[in-house]
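Following this line, the structures themselves.
Note that chain A is present in both complexes that follow, paired respectively with chain B and with chain C.
Entry: the complex of A and B
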């Protein structure tokens, strides 16, 4: 007899598999990556709002009310993602949202044979840079790479690349921070 | 005492009887006799009763008076002897007690001297101990103060140098952020990508 953890794992696999199949059916790899992007946004919103978490998981509301609430809150988000999230809210399964999004990411990358890499820079990448970065990361990861580009002036310069919890920080901000730490450590250890 | 009173009573009775006997005999005054030696010699008629009375009185006194006086004198002598003996014993006891007291006093003086000496020594020891502790505490406080001053000095210098480092880094960040053009940024990105490590690196 399966225990609760196995049941939860199966439910997560069901939600993520359902989403992936629907996305593939609707628009192939591009649609899968769009849904992935939307799911990341939903997850960030859900994690960052305690009132929303409490409302969507409140047992005082009926399943239909929670369903309607989720649809209304995430109005404007990809309909495919919203439909699955609304079902999860209706069944009181939103505590599995993070696991579902992760499972979707992994399943999507495995299904498409690609690695999605988040790339953060100060200026927008041009085609030459995309090619250089993609070649470098494809050789490193051993699979086709899809870049998700972000602009962030706070890194001052350079580039930050991350995928599946791994991160390469080659930004000017981190180098300056490293230099600051080294300067302070040298000062702390020096003679007066 | 009772015996003494009884004997005195008997003696008084005998003396009264002899006196009465002597008064009952007829007597004559010497002045009424003739002159010469006869004037100082008693008449026989007076002499014999007086002699008899004297003898009776002597016998009575010898029989009843002298033993009482002897006993009184002996008792008095015994009393005086006992008193003397007691006085001598008391004197000896006093001398013994005095000697004992003097010895005790001498011992007390020695003991007092010893106590004073001990107290003095203890006082000196306590004084030395307190002085040593005070010196140790003072040395510890000075050492702690030196350590605190040194630590604060290092912290202040460290803070100052940290501030200098922060300021330098912030200035560098502003210069980089403001002065680099987009093309320079892209060249930097390309260089950093080429120099970047691997996701698989540990």
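Entry: the complex of A and C
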């Protein structure tokens, strides 16, 4: 197994580049973002399941067996994503899945000139609010913004936006948490 | 009595919330890739700082804190400080922008806390004066002062020959069951009537041992000026790793702040702290475990490369501040456990080289009944006489010489040859002096009592007392002086040295005691 860092980076770039080119060819920007979504799901599933990680990385299975296993496990997922993941499993490269998905996200956003922003609110966004948020984010990030909307009642109100590892939390739940800490420190004394 | 109304509550809350920053919270987030052995590998968090406190959001929004340790190209390796089982793969991790802090202040005195500063003694919540960072840079040369004031342990063998000064770092080293902890506990008990604040850090010990130590402190009346920081054997390696640093942070509050809680200065003097790390061997083992699970390259004895720096930066926090910074001090008594007397192992040699001297305890001496089992031949204090009262200093010179001569001659007597009178006298004196150093647990002495005991031995008052009666003679002599000649002890205490008058009075008192002493 190559342990050279540069070699590993090249492999990651190859997997992600191949996936991006294929997605672009099949359906343009929409398809690219669709594959991105699917890859996120695959990564979450892979990370959250120790047995799956064990099986797909097990050298006792032949490369063909690992390939078949990956195809069967991710049956129903985007065929493009599955084909690349199956090749990775076959070659014993699934430890690079996280880097590959990250590289794909970055390359896709760069290629399309967009930023995908996850927006969490308590109630669904209406068109007006969606427009306001998109405009504001586009101005801040300097590129076109694609919103991925989520509903979460536990934030109580307000909004949480996250993109590329950055998270802006303007939720009522976090404001209350801040107030709790301030009240606690007021009694505890703060830095001394 | 103030009336409590809705309006007054509202006003109080508004006042307290004045400092609330309502600006939007922007932080970096990552995802847990792998978790196990108290370690989490986190994807993302490219801007995380080394040692930064991370917030892991577990199932149901449960927050567990962790410390960022390994900053790698794609991942961050972090150690978890709380409930490890609450965190799973794919959980969210957030940076906090701050390093780890522990509560500190007077409210902690008399309490037993875990390394996060949370009470574990069931005496209710702690009202802290504030928070201090666990990792804190030791003061530089400018703000320090040479160690010059004595830190009395109340143990004759230590105070007379291995004097410890306020701000010194004196290692207590020895095999298991040689009385290392006993010396540290006696040193704390001896601070009962002075201005010293004591901190006892227990690392990797049994919870029952810690409970026993707390009981001892309570019994001897020092618990109200002591903080016990306990990371027991059941606690995770990260907690055992930060325990000594958390204890140091709690102690620094008193050194750097005056009685009023404001920063110490020429007008607002800092306090004196005695901190015992019991023991650093276990902390090193915990750090080794953490480092190996974080996949850091192992070095000698599988310890990571920065194990020396871990101990040196901790012990460098022991300090004697100068006048401008309030003259506070922190004296450190680290404890190291050796295996079969091997002081040349990795951790013992490291800590020996960092500290300002060591008290070496020997298993052989312990089983011969010489307790405390201090080997005075190889124990040293590099600060030495500058941290000793003149009274003790003037008599301890003779003691050291008598014992050195005794050890040398004793080797010869093994051959069984006839001995001349002077040799015989030296052997007799040495045997009595060695006996004089025996001291029971929890029976610490004040410096004037120690000086009197050594004085009696050095001046030959013990020469005709049977060796087996020496300890009884010493104890009864001190009782006699306390009861009938308190003025002599008081004079030595006040002068802090022997004057011709006090010497004459003391000689007379010892003669009077000898006349009534029944061997």
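Remarks
Definition applied: the second predicted complex is superposed on the first by the 186 of 192 C-alpha atoms of A that agree within 3 Å, B and C clash if a C-alpha of one lies under 4 Å from a C-alpha of the other, contacts with A are read in each partner's own complex, and residues count from 1 in each chain.
Rule of thumb we're sticking to: a contact is a pair of C-beta atoms (placed from the backbone, for glycine too) under 8 Å apart; a residue touches a chain by one contact, two chains touch by 3 or more.
For clarity, every value in this text was computed on a predicted model and none was experimentally measured.
Once both complexes are superposed on chain A, the partners chain B and chain C clash.
Contact with chain C, but none with chain B, is seen for A:47 once the two complexes are overlaid on the shared chain. In the superposition on chain A, A:99 makes contact with chain C only, while chain B stays out of contact range.
By the touch criterion defined above, A:183 reaches both chain B and chain C. By the touch criterion defined above, A:34 reaches neither chain B nor chain C.
Using the contact criterion defined above for the overlaid structures, shared-chain residue A:11 touches neither chain B nor chain C, since it reaches no partner. When the two complexes are overlaid on their common chain A, residue A:174 makes contact with chain C while staying clear of chain B. Of the two partner chains placed by the overlay, only chain B lies in contact with A:141; chain C stays clear of it. By the touch criterion stated above, A:118 is placed in contact with neither chain B nor chain C. By the touch criterion stated above, A:149 is placed in contact with neither chain B nor chain C. The superposed model places chain B right into chain C at 473-481; the other stretches listed in 257-265, 473-481 or 491-499 stay free of clashes. Counting contacts by the rule stated earlier, residues 166, 168, 170, 179, 183, 187-188, 192 of chain A appear in both its interface with chain B and its interface with chain C. Taken together, the chain A residues at the contact with chain B in this complex read 121-123, 125-126, 128-129, 132-133, 136-137, 140-141, 153, 156-159, 161, 163, 166, 168, 170-173, 176-177, 179-180, 183-184, 187-188, 192. Of all residues in chain C, only 13, 16-17, 19-22, 24-34, 43-46, 61, 73-74, 88-90, 94, 101, 103-105, 127-132, 253, 257, 261 touch chain A in the complex they form. Those residues of chain A lying in contact with chain C across their complex are 5, 44, 47-48, 50, 98-99, 102, 154, 162, 165-170, 174-175, 178-179, 182-183, 186-192.
For chain B in complex with chain A, the residues that touch the partner chain are 153-154, 157-158, 161-162, 165-166, 168-169, 172-173, 176-177, 180, 182, 185-186, 188-190, 192-200.
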